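Chain lettering (A, B, C, D and E) follows the sequence in which the chains are written, and residue indices restart at 1 in each chain.
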Amino acid sequence: FNTASAEEKFIVVQSTTSTQNSGLYDALLPRFTAKSGIEVRVVAVGTGQAIKNAQNCDGDVLLVHAKSAEEKFVAAGHGVSRSDVMYNDFIIVGPASDPAGVAGSNDVKTALANIQRARAPFASRGDDSGTHKKELALWESAGIDLSGASGGWYRETGSGMGATLNVAVGMGAYVMTDRATWIAFGNKAGYGIAVEGDDDMFNQYGVIQVNPKICANVKAELSKTFINWVLSKEGQTAIADFKFNGQQLFFPNAGDKPNS
Amino acid sequence: MPEPISRASHLSVIEAGVKPPAVALHDVVLERRGKALVDGLTLSLSTSGTTVLMGPNGAGKSLTLRLMAGLIAPDEGRVRWNGVETTPSQSVALVFQKPVLLRRSVRANLKHALKTYGVSRIERPRRLEKLLEMGELENLADRPARVLSGGEQQRVALVRALAARPKLLLLDEPTASLDPQATAAIESLIRMAAQNGAKIVLVTHDRGQAQRLADEIVFLNHGQVAEVTPAQRFFDAPQSQEGRDYLDGHLLL
Amino acid sequence: MQDFGAAFGEAFALIAGLDAGLMEIIGLSMRVTFSAVLIACVIGLPLGAVLAVGRFPGRHILVVLVSALMGLPPVVVGLAVYLMLSAAGPLGVLQLLYTPTAMIIAQAILVTPIIASLTRQVIDDLHGEYDELLRSMGANRVGMIATLLWDARYSLLTAALAGLGRALAEVGAVMIVGGNINHVTRVMTTAIALETSKGALALALGLGIILVGLSILVNAGLMGLRKSAERLAYA
Amino acid sequence: MQDFGAAFGEAFALIAGLDAGLMEIIGLSMRVTFSAVLIACVIGLPLGAVLAVGRFPGRHILVVLVSALMGLPPVVVGLAVYLMLSAAGPLGVLQLLYTPTAMIIAQAILVTPIIASLTRQVIDDLHGEYDELLRSMGANRVGMIATLLWDARYSLLTAALAGLGRALAEVGAVMIVGGNINHVTRVMTTAIALETSKGALALALGLGIILVGLSILVNAGLMGLRKSAERLAYA
Amino acid sequence: MPEPISRASHLSVIEAGVKPPAVALHDVVLERRGKALVDGLTLSLSTSGTTVLMGPNGAGKSLTLRLMAGLIAPDEGRVRWNGVETTPSQSVALVFQKPVLLRRSVRANLKHALKTYGVSRIERPRRLEKLLEMGELENLADRPARVLSGGEQQRVALVRALAARPKLLLLDEPTASLDPQATAAIESLIRMAAQNGAKIVLVTHDRGQAQRLADEIVFLNHGQVAEVTPAQRFFDAPQSQEGRDYLDGHLLL
């Protein structure tokens, strides 16, 4: 397709819908491009698909939020190293009627138990994404067995965060989401945050350079430049500066402890 | 030479007049692509008897039949049936020059016609058998109509029109591809229909057929009426130059 | 490339395993698709015929419109149906959202213009041949349309099959109004989308192969029926 | 219900604002769609005609197969093209993934069976009429197919429009192979999907209304062309 | 009564024999839906002269022409052209009973034919004009062929066949809907083709036409040859019962 050399200076970032839908990249990337002259092309898909695409060498950088899967990716040699970039948190949102009576809680385990007891509808992403895995872990730590509930009050939507929010709103179900997606979400329809602030609901994003030794087509220099910038003071400030309706969505935490 | 046959009723257009004409065209003009194909045609046909339209290829005979069936509307002038402007479609039947048959068996074609003509469900089987018999189609009844031979198709189209028991029966060269026996059979069907009071308008290039069936001849040329003459007189002494030329062409062979 | 091989392996394993979950999904896919195409035929066939035969003001505009609606984006149809059926929407009381019925409605909306538009073309062609005959017989509009639809039935099967293909393959609309809820509204295409987003590409492809296989079976069946009907016709 | 009103408002504002981003997306949508349909026509028209006219072993199976492929799920096509074009795939060196070219390829694969199958039907019907004549003239297969395609061209437009509709509305395949990258591979349908997942339903619907509007314009244009060509024909 | 016209060459099938026959059918059987439509037909036609096929509707005349054109293959028996089994399609032309015209103008129909018959691009315009003239189609050249009148369409179909300059010209009732003048003109075209060495096989129900053109008459009935007789003799004294009945049917009218 377009082979003009000026346009050759681009990298592909495989990422998740939560970062894209919130508008973070729209705020972040122009700053980077202005400084470096490197265009960043973001492919926003499910976490699993993003990792798979990166494994297939169809990207230079991976920026997702599923720490254990990311570490596996690096351990298998697909990635060079993993660094924390930023975090936010997960929340549970629900309808104003609050059928399970969990609104205002900051104890996620109790809240989940209440939801189960009330058999209040709960929409799960059910797509093996980072968010989904987190949610399953929370149910487990609350000691709740979901087997048999699927298709009843517990509904696995098998789709992305935005789609799952739409479904939840459409049927009046509780749903767990990352805060960034929620704040930027346009179809709130009277929904509000029911559960937030539990330490268990921490959501870490990491960035990984795809390994150029395995993927010859990876633009090692360009992607390193990008990662370095994101982790730099300037990049971290840009993340902190990004606000939606006055609210900060992501909290930079690079350099807290890089792990390889 | 075939003998001229006797006719039960002989009514010329000119002699009629008590009843409104079965069909009348007043100054009809029909244009396609800027050419007047029917060009100021005026003609008025009595309610009974057989009128034969003759004229060279492209004279506008088939178009005139279509106008009489109400299938096409004139660009100028008007067409009237029994004095009124609405097509009495159920009492007019037209047999096209190229038979159009449905993609069905012969039997199904006739069934469809009986249904369309509003024949009651109980009566249909009987009428159907009658039609098959009239067209000598009994052995062909279950064949797909569109694989029939040319002559067989013409017979189907003709009996289908008779299924309507029309008051005005328009026939466009109905025996052009029929063998002599079938031609004779069809001609007697036509004669029968005429005797039962139907008005027949027949297009033919077959002079013998015209002589056998016609009460009057309407000679068309270039989309206009060249002459309207009682049949006997036309073949002895055509009134128009065009009619003379046409008959001469015939004699030339 | 090994993914393709793995896909066939997955497809085979799924079929061989007679997986109950898979059977459930296939069953729902078939039910939703056939219901939607049936509804689309019931509306689209007469509509297409009327567009071909009718002579009323605005016919041309309607023809263009129906043709243009073949390009209705599924996501948009999904959204529109979602907004109608959602609890806050005008039809919310029916509680149809996230049910197979909602999926059938959305697909019928998508497929109807396709069947209507293709029907219009087929009937138009046949009408050119039958028009004068039928009018000369004094057939009314309804009789005319019935005759044309019946005599064109073998050609119209292709229109129905085009609609069927669209419905069978469709994911955008059913995802939104069905929600891809496990055991409730998950069909083949939404399952494929899900496995894709999980990065389980071989499994997704395997499901796709099964879906195409089903499509082949359905097409072979219907075309076989047409063939034998054509042979037995003219009774 | 207010969402619908809002959607029209959004659509109107977007158009009135002559938004540069929107124009870019529309431009790419049109480019991808028309290219894909063009390729599909170049392959599908002759293929359909051969299926209608040819008499070779396996023809029936091929007819069923092409018809069945009208039900190719977009996600599966997207995946298959992705696996071919991926850096790890056999055609990775071409570096076509996440480019408009990849999207055109995927859509062409989806649309070709539709055009081929509908063409087969149209040509089959005409062939019934022309077959004996053309054979009696000693026409060879190529001449025969050329004659049939030319004389059926007005009917075939409907087949092309059906393909166009599918391509215009398609999102599953282009999403996977294009990646919905802003300013590079974002088209109308992927933009709609994105806004939907952001919950910006009115904006998504607004974009959908614009897309349907475009579809109407294209259909009106092509059908208008057909009408005037039909009028001027027979030169 | 028309005068019998003189014939340049008169070759009966039986008299021929030095050259292999232009077309020969050996024991040909053609079945459809379990019925033998052509039922053991054997016939061998010399390379020149005009053979007229006669017989009642449904006798199998049109099917026989199709067999002779190689359009349908026999279920049993075989067809040979000039002694071999391959259809020499470029040197055989068939005018169908129902003219089949392309959805194009008259001119484009003829252009298409010239191209298909392999006439060089340079020669085509000249040949085209010639064909239009032969069919007296100059004024109709730009009309869509399918809106022409029945007779006009037959003329187009005939000159289109002549465009092939065929060695074997098969004509299925080519003048059935022509007016007397056009019939005379077409007959003289046929006679000319015969004089130029083409073998003509003509189907007609028109006894006069048969008498004017035929060298020999082949009478078909129920898909079989009832008799093959030199023309003069056939009309004076048909050899078969079927032939007699047929001619009687004619006289009956």
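Following the convention adopted for this analysis, a contact is a pair of C-beta atoms (placed from the backbone, for glycine too) under 8 Å apart; a residue touches a chain by one contact, two chains touch by 3 or more.
Being a predicted model, the structure only gives us computed values, none of them experimental.
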**Report entry** Least hop count linking subunit A to subunit E through chains in contact
**Finding:** 2
Report summary line: For subunit B and subunit C, the touch-path distance in steps comes out at 1
Requested in this report: Using the touch definition from the top, list the chains contacting both subunit B and subunit E.
Outcome: none
Requested in this report: Taking CA centroids for every chain, report which one is farthest away from subunit B.
Outcome: A
Report task. Could you grab the centroid distance between subunit A and subunit D? Build each centroid from C-alpha atoms only and quote it in angstrom. Result -> 34
Query - Length of the line joining the C-alpha centres of subunit A and subunit B, rounded to whole Å - result: 82
Query - Chain centre separation (subunit D, subunit E; CA means) in Å - result: 48
Requested in this report: Measure off the straight-line distance from the CA centroid of subunit B to the CA centroid of subunit D, and report it in whole Å.
Outcome: 50
**Report entry** Contacts with 2+ other chains: residues of subunit C
**Finding:** 82, 176, 193, 196, 201
**Report entry** Shared-contact residues (touching 2 or more other chains) in subunit E
**Finding:** 143
Query raised in the report: Taking each residue of subunit A in turn, which ones touch at least two of the other chains?
Result: 45, 53, 160, 163, 166
**Report entry** Touching pairs - complete list by chain label
**Finding:** A-C, A-D, B-C, B-E, C-D, D-E
Query - Complex contact set, residues of subunit C against subunit A - result: 82, 85-88, 97-98, 175-176, 179-184, 186, 190-191, 193-194, 196-201
Report task. Going by the contact rule at the top, pick out the subunit D residues touching subunit C in the complex. Result -> 1, 3-4, 60, 63-65, 67-76, 79-80, 82-83, 89-90, 113-114, 117-118, 120-122, 124-125, 155, 158, 161-162, 164-166, 168-169, 171-172, 176, 188-189, 192-193, 196, 201, 204-205, 208-209, 211-212, 215-216, 218-220, 223
Report summary line: Interface with subunit E, subunit B side, in the complex: residues 1-2, 32-33, 55-58, 61-62, 97-98, 140, 143, 147-152, 155, 172-173, 176-184, 187, 205, 207-208, 212, 246, 249-250, 252-253
Report summary line: As the complex stands, subunit B meets subunit C at residues 66, 69, 71, 89-90, 92-94, 96, 100, 102-105, 108, 112-113, 115-117, 142-144, 164
Report summary line: Within the complex, subunit B is touched by subunit C residues 129-130, 132-139, 143, 147, 151, 233-235
